[in-house]
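Note that chain A is present in both complexes that follow, paired respectively with chain B and with chain C.
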Partner chain A sequence: MAILNQLFIGASMGAVLLLIALGLTFTFGQMGVINMAHGEFIMIGAYTAYVLQGVGLLVALPVAFLIAGALGVVLERLLIRRFYGRALDTLLLTFGVSLILQQLARDIFGAPNVGVTAPAWLTGGVGPLPYSRIFILVLALACVAAIAVYLTRMRQGRRMRAVMQNRQLAAVSGVATERVDQLTFLLGSGLAGVAGVALTLIGPVGPSLGTYYIVDAFLIVVAGGLGRLGGAVIAAFALGVLNSFVEFWTDASLAKVVVFAVIVAFLQIRPQGLFVLRTRALT
Partner chain B sequence: MSRGLRSPFVALGLAVALAVTAGCVGEAPSGGAASGDTIKVGVLHSLSGTMAISEVTVRDAELLAIEEINAAGGVLGKKLEPVVEDGASDWPTFAEKAQKLISQDRVATVFGGWTSASRKAMLPVFERNRALLWYPVQYEGLESSPYIFYTGATTNQQIVPGLDYLREQGKKKVFLVGSDYVFPRTANKIIKAYAAANGMEIVGEEYTPLGHTEYSTVVNKLGQARPDAVFNTLNGDSNVAFFKALRGAGITADAMPTVSVSVAEEEVAGIGPDNIAGHLVAWNYYQTTPGAANQTFVAAFKARYGANKVTSDPMEAGYNAVKLWAAAVAKAGTTETEAVKAAAKGIALDLPEGTVTIDGENQHVFKTARIGLVQPDGQIREVWNSGQPIKPDPYLKGYSWATGLS
Partner chain C sequence: MFLVVALLLLAAPALLPAFRLELLAKWLCYAIVAVGIHLAWGRGGMLTLGQGVFFGLGGYAMGMHLKLADAGPGALPDFMVWSGVETLPALWAPFRDPVFALAMVVVLPTVTALLLGTLVFRQRVRGAYFAVLSQALAAAFVILLVGQQGLTGGTNGLTNVRYFFGLDLYDPAGKRIVYYLVLGALLAVFLAAWQLSRSRLGRLLVAVRDGEDRVRFLGYDPAVVKTLVYAVSAAMAGIAGALFVPVVGILGPADLGVVPSLEMLVAVAIGGRFSLGGAIGGAVLYHYASTGLSETFPSAWTYLQGALFIAVMLWAPRGLAGLLASGLSLLRRRRASPPAAPAPEEVPA
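Moving on, here comes the complex of A and B:
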């Protein structure tokens, strides 16, 4: 029973990791932008849920997607697009943006953390499995399904994949790559907002919320293979389950160490991650 | 992209290092040496970084005390002039700023610190300069510096009474949950020694990194171990995630009460009262503590900082520190360190938590232990107290089971 519990805990941790890494799969994995502000988009999503907590969680999800997504587009238009192809510069740039956003949050909402009360329909659970955790799991899987449909079935999604695989060829084939870049940022940042709403069910909401999760998000994307949706899904759940079992047998600090060690070892064997994006582009 | 990955992570480290050093600069030195008609005092807390959430409120309480003293005519006929510095949640910065306050601003004394790490970093600075630090937070004990006054609880005024209370309630199997740093580990060492001598059984011990938010596994282990009670030494944000996970798993305070020693009114608000209502906390002061002195303190704090603000134990201990120092200076007739130390011995003031007396032996204060129950409105209702202030015993010399701990 304890083992089954732990498996569920691992899956639900994996779902959280997946939600925070999904958006990054596109902005970092696909566009090569090391977006340190991704964590702050998560924070913005969480504060959106806080502001809207009277209205309801289900309203907060799309609103957070739109607010974080719109901010992502603004960031892309104003700053990031001047830095494409210069990954290190985007790191410093977005790190600065993340500090500004954290300070803004501190000015608007104050330094102390705030709490979001879970809606009544999410309190309680089936046996030891809390509804809130089940909800996060379902939400993560729904996001993955929606993205998969978008990428394979819809015109905009297919354009996104085309740009991802070969920007020049896509451009000469008539794809408006700048527009695709904007959409990618809308999607990537918007998903961070959705992740932020989900995180309010687990822990506190504060200006530095995103910094707790940003490293994990990068780990998932790198381990999964840059820009690979399937890779991110597998990496997130694998790490979640690994973490939960190591923690069950040892403790939380050691679990973190073990997970890091496993990822380092894994990247030694497979530096490109689980899956590789095959492309004929001359990069 | 994949080949270049190594360098982005090197740069990431670099960026973090940059950010940390950037936080250390700034804050132009204020004024020169002490002028004739004011006395400068240092106020040194983390106003930025992870500890700012807690320490800013203590600073506010200390500044309130300084304003009150000034309004009443000051000390030795002079107004107090606070020099506020930011320790930035960074221990070397605390040591640096302490040195700056002493040698550059020539303050008469310093009020400050929260984490044990910050106190340990400042301790040699104050001892070297023969200057005084007033430290306002409950801590793990096993320390006594001639240049520090401790106005928060030591272990025999908080943790031991908390354990006594659990034992009285018939709780025999206790599970320990704490953050992974010096205070919880030392506290748990003491708890284990107490348990061994008093027929209690420790059925589990879990540490999580500071800032940790994933408590499902810990809660699962709690469910497996089925303790009578949980002794919680988690610090900061982690408490929010811990209590949410506990409630999410359907574990109620009735089935498995927790006793927290780092959760006060300020933290309850952040956790969300409905997540923690019914659980226990151990402190020496609550906003609801009866007495005219406390009513005045709460009213003054709300008038100064806003009606929705709450007061808490560390805030009250910071406020007390300023009042006790001022009384010692008035008695000594000078701000000179050795004279103030000598005068401070035995000073007793009527403060929000009751009568607070400085113990001349170890420069801690006598404090009444209070166990409280968190209410659905976020306030804490006292359910037990020690009846009289307990003599501070930082090395637990008065307890036979504690021999060998220090």
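Moving on, here comes the complex of A and C:
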């Protein structure tokens, strides 16, 4: 029973990480942008849920998606678009953005953490499994399904995949790559906002909320393979479950070290991640 | 230029009050880290986001010895008593020996970097992937330090280091000697980096940064080059960390995590990652501004910091050193040929 419980905690943590990593894997995979400010979109989503907690969680979800997504597009238009081809520089650039956003949150909402009360219909649970964590799991799977449909069935999604595989070729075939980039940022940042709302069900909300999750999310992207939906799903759940079991058997501080070692070991077998986009390019 | 700076630094103990001198010594520690970052990132293109780990390994190796020496033979360091540890952990025992501790200052970071570098670079994991991994290492390291309270002093880290091999660190004379130690280490590291850049390895390193595959086709192994230089930069960070302990008296996770590691890197970016002098100057300037402004205007400093990163990346990717260099060459050109129109570009046939 303890094992089942631990499995469930790991899976729901993996679900949150998956929501975060989904956005990253596309912005990283398609544009080569290492967006450190992605964590702050999570934070913005969480504060949206905090502000809207009287109205309801189901309203907060789309609102957080739109706010975080809009901010993502603004960031892309104003700054990141000048940095294509300079992936490593975007990291420092977006770290600056992330500092500013964190300080803004600190000045608006105060430095201490705030709590969001879960809505009444999410209190309680099935046996030891709380409804709130089940909700997160369902939410993440729904988002994955929506993204999968978007990528395979819809024209915009197919364009996105085309740009991801080969930007120049997509451009000469008539895909407006700039528009696709904006849409990718809207989607990716919006998903981070949704993840932020989900996180309020697990713990308190603070200005530096995003920094706790961003490193793990990047690891998932690396382990899953850039821009690969399936890879992100498997890597996220594997990391969540592994983390929760190592925490259970040893202690929380060792878990991160073990997870890191496992990922480095895994990269020995598959240096490009779980699923590789096969191309003939040398690098 | 170099001479003026060197003379000023040499004369600093006579010019500055003890408190200022301690701060300057702290910034110079960061400058030592910056030299390593210049090698790894500026010359080698390896964006290492986890220098705090190596800084911490060196620092804890030194700090553990100093804490044990402070406690005296057979006694336990203060924080272990507070957290209820009764016998000295086996991990700590060898650090009683000063030679072992001093060796570990360099060995621990070097071996960690060699291990990670071999595993990662050999599999051609590079660029952003490497950056992400090194950052994850920093995150894991700090969580480990905080979690193992009885072994590492937890969130507080190692505090109240008072004596450094018989020197009283609360005494201005002791502070002065430590300052000269830091300055000497910086000079040694500076010369080492300069020599390395001029050597065959240094030129290969730049070649690997600019075209890893071409270097491989020429018959070299880029993984070896990168791993070696990564280890050198780690060793430099370790030395800096070890000196940081007697200078500041405290070393804890707050000095080592993801954000401090990024700050070490950003300081180099602002000064100019491609230039050795720029990296050192950037580190000193950045931490000077950080100490001065973060205490008086914490909120405004964070905004300024963020804006600074953005501005540097947007308009001066080569940092202050790059701005200086292009300014100087502009001046020189104007002086050399006042009326001449720009020479027509040669058109390749």
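We adopt the following convention: the second predicted complex is superposed on the first by the 278 of 283 C-alpha atoms of A that agree within 3 Å, B and C clash if a C-alpha of one lies under 4 Å from a C-alpha of the other, contacts with A are read in each partner's own complex, and residues count from 1 in each chain.
In the analysis below, contacts are C-beta pairs under 8 Å (C-beta built on N, C-alpha and C of every residue); 3 or more make two chains touch, one makes a residue touch a chain.
Everything numeric in this text was worked out from a predicted model, so none of it was measured.
K.L.:
Considering only the touch criterion stated at the top, classify A:Leu92 as touching first (chain B), second (chain C), both, or neither.
P.N.:
Once the two structures are laid over each other on A, A:Leu92 reaches both partners.
K.L.:
A:Ile34 in the overlay: touching chain B, chain C, both, or neither? Say first, second, both or neither.
P.N.:
In the superposition, A:Ile34 contacts both chain B and chain C.
K.L.:
Is A:Leu219 touching anything from chain B or chain C once the two structures are fitted on A? First, second, both or neither.
P.N.:
In the superposition, A:Leu219 contacts chain C only.
K.L.:
Between chain B and chain C, whom does A:Ser244 touch in the aligned arrangement: first, second, both, or neither?
P.N.:
The answer is first: A:Ser244 touches chain B but not chain C.
K.L.:
Is A:Pro271 touching anything from chain B or chain C once the two structures are fitted on A? First, second, both or neither.
P.N.:
A:Pro271 sits against chain B and chain C alike.
K.L.:
On the A-aligned overlay, A:Phe260 touches which partner chain: chain B = first, chain C = second, or both, or neither?
P.N.:
A:Phe260 contacts chain C only, not chain B.
K.L.:
Taking the superposition as given, does A:Ile202 touch the first partner, chain B, the second, chain C, both, or neither?
P.N.:
first
K.L.:
Given the touch rule stated above, what does A:Ala252 touch, chain B (first), chain C (second), both, or neither?
P.N.:
both
K.L.:
Report, in rising order, the residues of chain A that make contact with chain B in one complex and with chain C in the other.
P.N.:
On chain A, the overlap between the chain B and chain C contacts is residues 32, 34, 87-88, 91-92, 95, 99, 222, 251-253, 256, 271, 283.
K.L.:
Spell out the residues on chain A that touch chain B in their complex, using ranges where they run on.
P.N.:
Residue positions touching the partner: 2, 5-6, 9, 12-13, 16, 32, 34, 36, 87-88, 91-92, 95, 99, 111-118, 123-125, 128, 130-133, 201-204, 206, 208, 212, 222, 226, 243-244, 247-248, 251-253, 256, 271-273, 276, 283.
K.L.:
Help me check something: in the complex, which residues belonging to chain A touch chain C?
P.N.:
28, 32, 34, 79, 82-83, 86-93, 95-100, 102-103, 106-107, 211, 215-216, 218-219, 221-222, 251-254, 256-257, 259-260, 263-264, 267-268, 271, 282-283
K.L.:
Would you pull the chain C residues touching chain A in the complex into a rising list?
P.N.:
Per the touch definition, chain C meets chain A at residues 45, 47, 49, 116, 119-120, 123-125, 127-129, 131-133, 135-137, 139-141, 143-148, 212-213, 258-259, 262, 265-266, 269, 299, 302-303, 305-310, 312-314, 317.
K.L.:
Please name which positions on chain B make contact with chain A in the complex.
P.N.:
Against chain A, the touching part of chain B is residues 1-5, 7-8, 11-12, 15, 19, 50, 52-53, 56, 180, 206-209, 211-214, 216-218, 220-221, 223-224, 237, 240-241, 244-245, 247-250, 266, 269-272, 274-275.
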